[in-house]
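Have a look at the structure below, then the notes.
So that you can tell them apart, the chains are marked A, B and C in the order they are listed, and the count of residues begins at 1 in each.
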Amino acid sequence: MADTARSSLTQSRPPFYRDVTVVKWVVQIFVLAVVIGSMFFLASEAGDNLRASNVPTDYDFLSVNPGIDLSEGIDRDPDTGGRALWVGMVNTLRMALAGIALATFVGVIIGLCRLSNNWLLNKIGSAYVELIRNVPLLVQILLYGSVFANLPRVTQSVGPISGWLHLSNKGLSVPRFHIADGFYQWAIVVMVGLVLANYVRKKRVGIQDLTGDDTRPIRSALLVLLGVSAVGWFVHPVFGFLNTPLRQISEGISLIPQAAVQVALAVVALALAVRWVIKFLDARRSPAGLAKLTDDDYFRIIFALAGALIMVFVVLILWPGLSSWLLNAVSDFFTVLSEKFGNGRSGRPLDVALPDVIQVGKFPNYGPSGLNLSIGFAAVFFGVVFYTAAFIAEIVRGGVLAVPRGQSEAANALGLRRWTVLRRVILPQAARNMLPPLGNQYLNLAKNTSLAIAVGYSDIVQVGQTVYNQTGKTLPVVSIWMLFYLSCSLTISVVVNFFNVRTKIVER
Amino acid sequence: MGSGISDAFDMNAGDSIGELPGKPVEVSSNPAEWLKKNLFANIANTLLTVVGGIATVLVLRGVLNFVFSEERRWDAVRTNLRALMTLAYPESQYARIWVSVAVLVTLVGLSSGLWANWGTIRVQRLCRWGMSLGGFIILCILLREPSVLLDSNGIVLRDSFSEPVRESFSSAMMSRSTWWIVGISFGGSGLAGWYRLDSTGRTKTVSATSTVLVPLGVLVVSLWVAPYGHYAYSDGLFIAEPGERVALSTSIPWTWLYLLLLATMVLGRFVRNSDLAGIAKTLVNVSWVISPFVLYWVILRDPDFDYAHVVSTDLPMGLLFGFLGSIILWWLTRSTGETARIFAVCLVGIAGFNWVAAAFGWYPMLQKARISFLLLAVAALLAPNFVGELAKRKKLVTYWLTTMLLVHYMATTINSPSTVDISSSEFLGGLSITLFVAALTIMFSFPLGVLLALGRTSKFPIFRVLSTGYIEIIRGVPLITILIFFSVMVPLFLPRGMELAELAAAITGYTLFSAAYLAENVRGGLQSVRNGQFEAADALGLTSVQRTGFIVLPQALRVSIPPLVGQVIATYKETSLLAIIGIFDFLRVANSAIPSQTAFLGVKREGLLVVSAIYFIFAFTTSKYSQRLERRLGVGER
Amino acid sequence: MSVNDATTAVSEELAKRKDMIVCVGVDKWYGDFQALKGVSATIKEGEVAVVCGPSGSGKSTWIRCINRLEVHQNGTIIVDGVELTNDLRNIEKIRSEVGMVFQQFNLFPHLTVLDNVTLAPIWVRKKPRVEAEALAKALLERVGIPEQADKFPGQLSGGQQQRVAIARSLAMEPRVMLFDEPTSALDPEMIKEVLDVMRELAESGMTMIVVTHEMGFAREVADRIIFMEGGEIVEVGTPEHFFVSPTEDRTKLFLSQIL
């Protein structure tokens, strides 16, 4: 009986057009082909039309003097298009980083207000969130801009605190902290301090664990760090000797031949892929033997190997410049670093410059020594901060409300004090709920700074627009924007992921 | 200090924790008790109340002084209301605008009559609203600084310290008598209701619809009686007649619209309880989807058909495709089998090849024919789902005929010139273009977003990689860069000098952008569909298309309604970026058109405030409605 | 354990019938974990086979392989003469021939009971709606809940839901029914109503494979009991053989733990 059953079972393969696996892959590859094909088609069409209408698409403008002045930034009068965009990028990042810090602060406060038992605070929080969230950011930015633009004119003694804090229709001017002469030497001292502080903290925690005494590990560590930094403020010139070794490292790196780097990169790519495949196969291996691989498994393996091969191809043939660029960049980095040491640097690591008002022509204006924040900056900055804060407040509220009530009851039952319950039980759990959406909001804030284009703050989009208005090279500029924002997004999501993994509860 | 703050902020220890977020604190019978519990529970709490109170008063006072300042030029907004709504649309053709609004109002009325069950609101709550509103208005009257005195030339009078001279407090309060009446009548009626009604009276309810319709009615009536003032800008002249009533050209249409709304709501309610409900619902749904196109192409643009061409070419072609397609589809649905599928794949191939061939100019097939062919191929792909009883086969053929005729009609109207006598570059503007772009964006991005979400949750790795890549790239860059990119790229693919190329580019950019975000919302819904649902569908032998269409998507979309409404609001707010890429939406009118008029040079803040208010009203009511919807859906859930 | 033992262990009468399900050497891996190790068994037409064994023994995996909710990697599965391969047509055919009832019911919550039952006949069997609804009503009558047709699944009790799920599967007029622990998610008082429906189904001559822990049901209804552990079939036999004189030590251990 069994034999006849087995003999009749010839593992017949179905015709290919009815085979599930074949159909599945044919459909996918067909769609992939259609997508790639239509993109190719669109690109070539666009290329033809661009050529026909004489729209340039090259990147020459990056090294040509654009002849534009920027309203603010590290370089008001950039000598190349690339430099202008670079200034724009720095402006964007400056705005985004400061905005993220302040928006978090404001958002947490508003969120706590919304959670409060106090009726008035609760209503204030709700009113804030509803008002800000339901009006488009761009409208808000324009509104702030037009309100600021109606501030009093600049005069020689414009207030509120002349010489320290100037507020007028040219914007805000405040004292500027900047890094000075011995900063990098001092930074070495601070790093030593950090290591020491960490050591002290660990030691103290160890004692606390052993004896149960409150040894205040964080406080002592901070004290150590402060002490070392304070001493370093005066003795930092002793690190001037680092100049020579750093320069030697730089020279050493520039001696490495480009081919060696190329080969090294290729080998690394291949090795990573092979290691991944071996690990993957190991995970599929059991005492009973190697499991049958599914289609997806094959796809992954092929994908990993193909990726590595493409990398090798890129490194060796397509873009050999990458390797030399890497070499030069590392070498330059060390050269620049070495110049920050020695050479009789003995001044203060940090310095402050007071704002001033100068009168060059007919009208007075803010001088260069203070930290000048233009109307455009203020409008965009307050716009994104207030707007994002409303969303952060909702995230904070949602995060805290999502902690089950039983958690605080359990903690109260243990006899913990309320403050301890909040700090040790509620907030850590709430923070875990809040992190992913918070990362999203930071990302949105960074992207929203692009609305600066509406009020003329020189961020990367506004500078880019000025550049392409001058040169007509819209598409290259747009591609640079997209690359920049994509790398910002990637960075933020990597950072958020890092914290996300660390705060994740271990579940089985 | 620490424990004080934690008390004030400790939501888990208080009694508000078990309540739904946003639910108002229940007012206890004794005001003093309520105050003690909610404002002055302990020292820290009292401190916070005082600080918060002072801050609120200061901010409110600042806002009031700003809004009601004598320097504000609100007449700039009043005069330009029409520009804010429709920009340069010619006065002589304005009836078309009213007809468009009437169509939308009809649809709103019918829909709310047919579907909406807005539920009821407790009298108690209405009373509380009345008291709060009245109290707030009175607080505002008291907080606003006394007005600045002006001399006969309209210049601000100043004293010896060059501070402006203000009227006395008492005369200021007197001059705000209208506001006093408004505030006291709101607060008084709320208070009276609160204390007159016993506990059973307070728990009585009124329908939520009437709480919307009655105030609207009062507003409409007030158009006829209240002296809002008559302001206009016509024939290059600014008209400003404060104290007058609004022009008849404003009050008559609005009255008619209000009556239309009432009538259609009643009609909808009537139809809902009759046998026609099913058909009526389908019709209204279809009308919503095609309304933007019909409004644009038929009412606002009014095609000037070349009837010789229509009769000789367009009509025969539409009929031919309808007829041939019907025969083919009828044949394809006669029984299951691979023939139908193979035939459909062949059709897709041919249809695709048509486009490639046309792109390379190999043979000149009309665009309309190419689109029809593609549609036929899609219908053929769907045909196996309609095999079986006669009714289903008829349904497919009906769908086909309707789609075909609609597409042909639209294509013909697009290709016909317009009889509306204005240049198309400033054809529409203001709020209407904002709403138009928002509606089209939502409509186009929805199917695309659902497809992307399906791709991202697909078992097929290539689909997953493609969708994920698209979504993440789009979500990684700001909208403005995408809009600028498409404003360069899209015109390259359109015929040289085509009308409205800018608008097409903007809608393309918005659609592709918003689809990525929409996909993420739908993905959340898709992931909430349990694995067992897929397995049950598979075990019953449903194909993957049927499984997705009948089982997975209906459940996923229901879960994602709240985030989808959020996405609609976001899209609507994002239309403000039209102002940056050079389209005259109402933000741009307020931000640059009005300030450049000679009469109102540099008057910007007033317009921007009005724009914010309009955005706020739309977005706020939508979000409140969606929260209500969410709660109601949540109740039915198990 | 070979297929021979399995077939000799059933009555003469049953052995003469035709093979409805034939499994030969079925292997299945999840990653590096082998869930099925050469499972071979033959189920005759009209037979009721109860599969039991400790949790994680591969019972569910096996019957899920039979209508390809899981894909087996080695071996052969033949249902009613149709081999379960990568062939689309065979998969379609087998899925419409094999009904399945799940532990968690898996009713479609957004459709009424009637729509749940008529969906597949209309769209897979291409039946006219009127006919499908008549069939559905008859089936709901058969499982004892004709009055619930217009309710949504969420409004029914667990036992009622499971009976709707059985009706939904029967609406496809399957040749074989698979039950994957149909009573495990139910409250004790509801188990009986579901078991009654299944008993009635068995008496009507349906071919059934039932994964269950209900030993009373197994003893009363089963033609054969298949005991699985660690992804293998350990012992096959009639209920008398299985409960009275099991031969394998692992079976004895299992029985001592659950009885």
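The working rule: a residue touches a chain if its C-beta (ideal position, glycine included) is under 8 Å from a C-beta of that chain, and two chains touch if they have at least 3 such contacts.
Everything numeric in this text was worked out from a predicted model, so none of it was measured.
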item	value
Most distant chain from chain A, judged by the mean position of its C-alpha atoms	C
Chain ID, smallest distance between chain and overall C-alpha centroids	B
Chain centre separation in whole Å, for chain C relative to chain A (CA means)	55
Centroid spacing, where centroids are CA-atom means, of chain A and chain B in whole angstrom	34
Computed distance of Cα centres, chain C from chain B, in Å	51
Where chain A touches two or more other chains, by residue	none
Interfacial residue positions of chain B with respect to chain C in the complex	336, 385, 387-389, 391, 530, 532-533, 535-542, 546, 550-551, 554-555, 558, 637-638
Chain A - residues contacting chain C, complex	1-2, 5-6, 9, 11-15, 18-23, 283-286, 288, 291-292, 294
Sites on chain B touched by chain A in the complex	2-3, 6-14, 16-18, 21-22, 25, 38-39, 41, 45, 48-49, 52-53, 55-56, 356, 359, 460-463, 466, 473, 475-481, 484-485, 488-489, 492-493, 569, 573-574, 576-577, 579-580, 587, 591, 604-605, 608-609, 611-612, 615-616, 619-620, 623
Residue ranges of chain C touching chain A (in the complex, touch as defined)	2-4, 7, 19, 22, 24, 27, 29, 31-34, 37, 40, 42, 71, 73-74, 76, 78, 83, 85-91
Residues of chain C touching chain B in the complex	67-69, 92, 95-96, 98-100, 102, 104, 106-110, 119-120, 122-124, 126-129, 154-155, 165, 168-169, 172
